[in-house]
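You will see chain A twice below: alongside chain B first, and alongside chain C after that.
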Partner chain A sequence: MALLLLFIPFLILIVINLPWRVSVSARIALGLVLAYCALQMVVVPILPVSFWQTPLNLPLSIGMDSLQIDWLSRLMLFCIPLVAICSLLTGVQYSKDLKNKFYFKNLILLAVIGMNGVVLARNLFSIYVFIEITSVASFILIASHREKGALEGSFKYLILSAIATMLMLTSIAFFLLTSDNTQFSTITTAIQTAQATGTNSGLLMEAALLLFIIGLLIKGGLFPFHWWLPDAYSSAPSEVSVLLAGIVTKVCGVYTLLRVMRDVPVLHPSINQGVLWVGLISIIVGALLAMRQKEFKRMLAYSSLSQVGYIIIGLASGTPIGYVGAALHLFNHTIFKTQLFINAATVEKSTGTGILDEMGGLSKRMPITGVTSLISFLSAAGIPPLAGFWSKLLIIVALFSTGYNVAAIIALLAGILTLGYFLIMQKKAFFGLLNEKWKDVKESGAAGLVCTIALSAITILVGLFLPYFLYTYFI
Partner chain B sequence: MSIDILLVVTIVFTAIITVLQRSLLKGAIGLALTSALLTIQLFRFSSPLAAVFELSICAGLITVVFISTISLAEPLSYQDLSKKLKGRYKKYLTLPVLLVALIALILLIPNDVLTSTLMLKSTAATTTTGGNSDVRNILWNQQGMDILGQIVIMLTGVFGVVLLFKERKNDE
Partner chain C sequence: MNDLLLVSGVLIIPLLCGIISLFVTTPRFKIKEILAVLTTGFALVCSILLFSRDFNIMIPWLGQTYAIELHLDALNRVLLVAVSGFAFLITLFSIAFMQGQKKLNQYYAWLLITLGLASGVLLANNLFLLLIFWEAMLVTLIGFIILGGKEGSNRTALKALIINGITDLLLLIGVALTIYQAGSATISNIHLPLDGVNSIAFLLLMIGAVAKAGSMPFHTWIPDAAENAPLPFMAFLPAALEKLLGIYLLARISLNLFALTPASWLSPVLMVLGCVTILFAVMMALAQKDYKRLLSYHAISQVGYMMLGIGTAVPIGIIGGIFHMLNHAMYKSGLFLTGGSVEKQCGTTDLKSLGGLGRTMPFTFIIFIITACSISGVPPFNGFFSKELVYEGALDRHWIFYACAALGSLFTAISFLKLGHATYLGKKGEATANAKENSWLMLLPMGIIALGCIIFGIANWLPLNYFFKPVLDTAGLGEEFVQHPLGGLPGNPLLLIVTASVLILAVASHLLGFLRTKSGLQAADHIHHAPVLSTIYKWAEKGYFDPYYVGRYVVKGLAWVLFKIERAVDWLLTRVPALAAEWTGALLQKLQNGSYSLYILMALGGVIIMLLNLIFGTKG
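This part shows the complex of A and B:
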């Protein structure tokens, strides 16, 4: 049944590309894509795992054994369509070109298929194929308006992504040299056997795993492979920034790293330590660079670098608490970053500028955008009782419990930096006296407001009812 | 073994020359040549099916697609071309450094690790890639989901071409 999460969007893609009239096809596309995303958001968490593991009785056997769902997959299968809906509604609001809108919806659906495949696969090669679907859709989406900055951002992402692809394929080739296939279970057994017998193939497989992890760090935009991130996020069309920052880099880089390091638990301790240091440096570098930014979206891009660092250090702690904290922070980051990018899009479209110094007092004209932005940044800074506080707390507790005291203290202190750059952003954009230039700006349209209020509600509810969510979905 | 090393060196050499080409057309032909050399290498590795796919798709189909696209594009004017070519070779100064670093890295791998790695699947390769039924089994039964994935990637590419290039005609 998990295969339906790939087949149904594929069928919808075929239906929306039938030769309807141009005006009708755009509406059909929007309706069907929104309906599918809403259905996936509602159905996946409700139906039990056993339902999704039931095989489909298709005439052709098509490798269904490699598709599996667990609590982490269900969490991502909820987030993927949620961010896709937010991106679609942002696009509907701000993009006027009918033909562009139509292709945008197709590409969103293709990205959703790719991301669904990544979270369902338990085979390195399949994960690579579906990451490539998402990446190719992303390159095209970033460059879709064909502006110079967007083409440059897309090209940088393409080149870095090609390097990541090369590393991932090299590691897959090494795995195929030493084991029968690239299933997680086969790789784990092969590495454990090689480590036990002390043969050279164990060293080769660990090196291969390291190469794959480096590829994922590039895809996720982590230090020191982060330099494509601000250009891609800031130069892409607003609706694409929402998708990219909200879910694409999370699924292709961070989620896959969580999955690989958990399901192939045979990493050399030095690789784990290396990942921990990468996370710590990402937190600090991201926060410091975010404080220097003058542009709204670039500040958010560097903030993403910093926040993803928290996820990585939670993972590197190697404890169940750390893992749950990392997964929870991944979820929280998806929610608050999507919201912040939607608000950035609203502000940019209303004022015509993305430079923070040119804004000022916008919460007087855009109160809902201002308040929801405040909720997101407080959650990102880890202020209780919002959702971000709990995930950061779990990560810090996990680090202290494993003896990574220095890392825990650095992560705690970096929270002050997070508060710092977000306060700068909020003060410059929303607080203070209203800049006379913006006395006629309007609040976001209904589509944008629905998304932003819903995301704030999720942030508050998850924060208040976390024990319920933890016991239902994580434990 | 020496023919394989010679082939690998030639493939890398043609790839570098291809990337350094000024003319897109020569670049596309260089790509076809590199793919053809890779095909020979794959035949030598007893992977005839992979070699056939490489030759027909990379050296054949992709070259045709590239050349068709190049024929549709407008060449740069003399002034624009001169501006682009100014200081061009400075960009490639790091390339010899990277090549030397890569070769040094490969030479640092201990001999016993290298030979035992290369020996690991050499016997398996001749038995699993020789027969059609094994490839069908792998493609349809073990990696079936990847076939769906690859169809979706091609569709994504088609949408990309339509979105990024269709508007150029409307702009004109």
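This part shows the complex of A and C:
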């Protein structure tokens, strides 16, 4: 039944784009997309895994036999429509151009299909294809307002994605040299036999896996492959930033990395180490650069780099507890980063500026935005009892338990940096004296507020009821 | 009746009624007063019923070490009766004395809660549990002092909190060390030899115990509290309960937890501390010009006798110390209550404005005479007999300890002659002109206490043989008294001669001073203004001997130094990393220069490094 998650949105995509006279109005199209996302968000956690595992015998399902679902997939399948809804609502509220809105819905739905596919697929090549679908939708989305900065950001993303594509395709080609197909199970046995026989093809397979992983690191925007990320995040329209930072790079890069490193476990230890160092350097570089940013969204982009670093070091530990920690931090990061980007959009809409130094004391005029930002950044900094605390704790525990003590200590200390740049942000934007310019500023619009409050509630609830959450979905 | 029910009567019901009383703010119907009298009376009845019992209760709580363990043995059943008895008498006294005061709900709440906690300290058979009750008593102590409502009350409360907090911390470390050494927290199971680490544990526990009792140098808050806190509090806590509990713990650790022997180095330490306390505090008392403040210094001085007695580590001295503890609690709270009686009528306790009260307040005067004779060690009263026992123990160790104790006795007698003369004899002043005798409600508790002083004096074999000898029997020190039965006058005639000469000397000194100055108040001034002593007094008045006072300056200086160090560390920890972060950030930002080729090169560089790492990295 997992195929339905690709098939139904595809049908909706066709319905809202029917040519000639039967074409639906923009309002109905929006309604359909929102309804689908809401449905997926509700249905995926409720229905049991066994339901999704039963195969669906449709003529179209040829070649889709490797779609599978587990707790990790379900977690992401919950996050994808959640962020998509937030993005859509933000877009409806803040973008005036109706025609663009229509493109926007189509592209978001396309991105949702792509991401659903990435999450469900257990085949390197399928994953690659779905990543590309998502990426193409993202390229267009970033540039959809056709501003100079946005076009540049989109182009940078495109260029670096091209390298990633190249690496991933090379990797797949290497795999096909030695194994029959690119299913995870096949690859795993191929690597095992190659290592057992001790031939050179073992190293080749490992190199292929490494190339694929590097491709994913580029997609996820890790140092030193992050160059596209700040431009793309900050120059894109607000609603696209929400989608891009909230879920696209997380699913395409980080989730897939977690999936590959978890499901193809016979890795050379130096790959784990390499990924670990990439993560650690990303944490520090991202945090240091975030401190120096003057623009709200650009600062959030660098903070993404830093937070994704935490997820990466969690999964690089290679233990179940590390995987759970990484998955949980992935979830938490999706929630709080989406929320922060929505808040950034709200602030930008209300004041017309995205420069931190020009803001000041906005909490007095926009209390909800101010407080929700505070909650999300405290969660990001890992302050108990918010959700971010538990995931960081699990990650650091996993590192200690595998003997990466230095890495664990660096990760712990870098938490101070996280607190540092978020405090700078909060102080410049929301705390302190109200800037005279903004004494008449108001919260703008209900949709953004509803989203940000709902996301804050998730952060707090997950933080408070984590054991329940863990036992229900992870163990 | 069930042991537990009786225990709850002295422990849980006072605590509960205290909390209830906290919420009774209405002054109507005297609800608080009636509740307090009933609760303390009930506690007294329960404790008397418990007197013949002997039990050991364990209710599991936090594992084996932290269980709720209660026990009743020879030592604490006497004290349990004493504690609830004092609470009952002080409550009776307070009804008349505290009438019309503000925040009475808090006053009675603290009184009842203190009773419950004190019972808890006595009954606890677990060091951890004992510590909990012990520390909680600090709260009611602070509450009482603040209730004084005077200008310095809050400062005194803070002083008491800091001094007791520090000594309680030492006690806590001592408890932890003892539990660690013994491998158990159950008091009745612990019996450690006094050597090595154990003696450190003993020292720490001892400091906690004697500080509670008000020994030097942890005493300095008591004279301040005498001025700033409500008077019945002084009669209740520093004069009675704190002595009982502090010396109880001291006896407990020297007899049960550890075996304090004359050979141990801790015995002389305790004796020297006792002698120092006796002499210094009594010298300070001699110079006081205020009824309550003078008494408070005696409350400190008398602790010295108890410490000296227990510190001798010979059976006769120990029994003397414990007996003196109970006697002291009686006569000192009686003395404080006479002070309260005077304060209620005259509105002041300043000796300069008092005088001639003997005729208008005859009962108070009689009670004062009995209790003052008792504290000065005049024969048929109780203080005489317990002091003689302590002297006998001290003489057994070394004559110098005995000399110090006897000298202390001399000054005690002189200062009480002065106090009685200045208050009850002489001419009436403005403040005392309209004084009349107080109501029976205030006189009754004082009378009972004075009666107790007489009974324990004349029939001293009664408490000695039935209350205190079993304590030594359980500690294995009782054989001594088979040949020399307790009670009656001391066997050594030297002691009697010295005591008699001390008393005669005191009267002579007082008469001399009186003839020279024609004033009862200044009758002791020739000692006050003696060549060397006057300088010492001057220093003492400036607070040079008050560790709290000196400590404040030390702390200030230390704080300055630490502040500078902290600034330096702060600079190192905040500015340096901040600058480093800024510079690194700036450098990294330069890399992000918008050049596609640079980006691609960097990304490919990353790929190559990771591939090289794979090929040449360690194979696991």
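Note that the second predicted complex is superposed on the first by the 465 of 475 C-alpha atoms of A that agree within 3 Å, B and C clash if a C-alpha of one lies under 4 Å from a C-alpha of the other, contacts with A are read in each partner's own complex, and residues count from 1 in each chain.
We take it that contacts are C-beta pairs under 8 Å (C-beta built on N, C-alpha and C of every residue); 3 or more make two chains touch, one makes a residue touch a chain.
A quick note: this is a predicted structure, and the numbers were derived from the prediction, not measured.
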Contact breadth on chain A, by residue count: chain C or chain B:
B
Which partner does A:L203 contact after superposing on A: first (chain B), second (chain C), both, neither?
both
Quick one: classify A:S238 as touching chain B (first), chain C (second), both or neither.
neither
For A:Q273, using the defined touch cut-off, is the partner it touches chain B, chain C, both, or neither? Pick first, second, both or neither.
second
Touching partner for A:L288 - first (chain B), second (chain C), both, neither:
second
Kindly classify A:S376 by the partners it touches after superposition: chain B alone (first), chain C alone (second), both, or neither?
neither
With both complexes overlaid on chain A, does A:S391 touch chain B (first), chain C (second), both or neither?
neither
Footprint overlap on chain A, where chain B in one structure and chain C in the other make contact
203
Going by the contact rule at the top, pick out the chain B residues touching chain A in the complex.
112-113, 116-117, 120-121, 140-150, 152-153, 155-157, 159-160, 162-164, 166-167
Report the residues of chain A in contact with chain C in the complex, numbered from low to high.
156, 159-160, 163, 167, 203, 206-207, 210-211, 214, 217-218, 224-225, 227-228, 230, 268-271, 273-274, 278, 285, 288-289, 291-292, 417, 420
Chain A contacts chain B in the complex at 3, 6, 10, 13, 60-64, 66-67, 99-100, 103, 106-107, 110, 113-114, 117, 121, 123, 125-126, 129-130, 132-133, 136-137, 139-140, 143-144, 146, 176-178, 181, 199-201, 203-204
Could you please specify the touching residues of chain C with respect to chain A in the complex?
581-582, 584-586, 588-589, 592, 596, 599-600, 602-607, 610-611, 613-615, 617-620
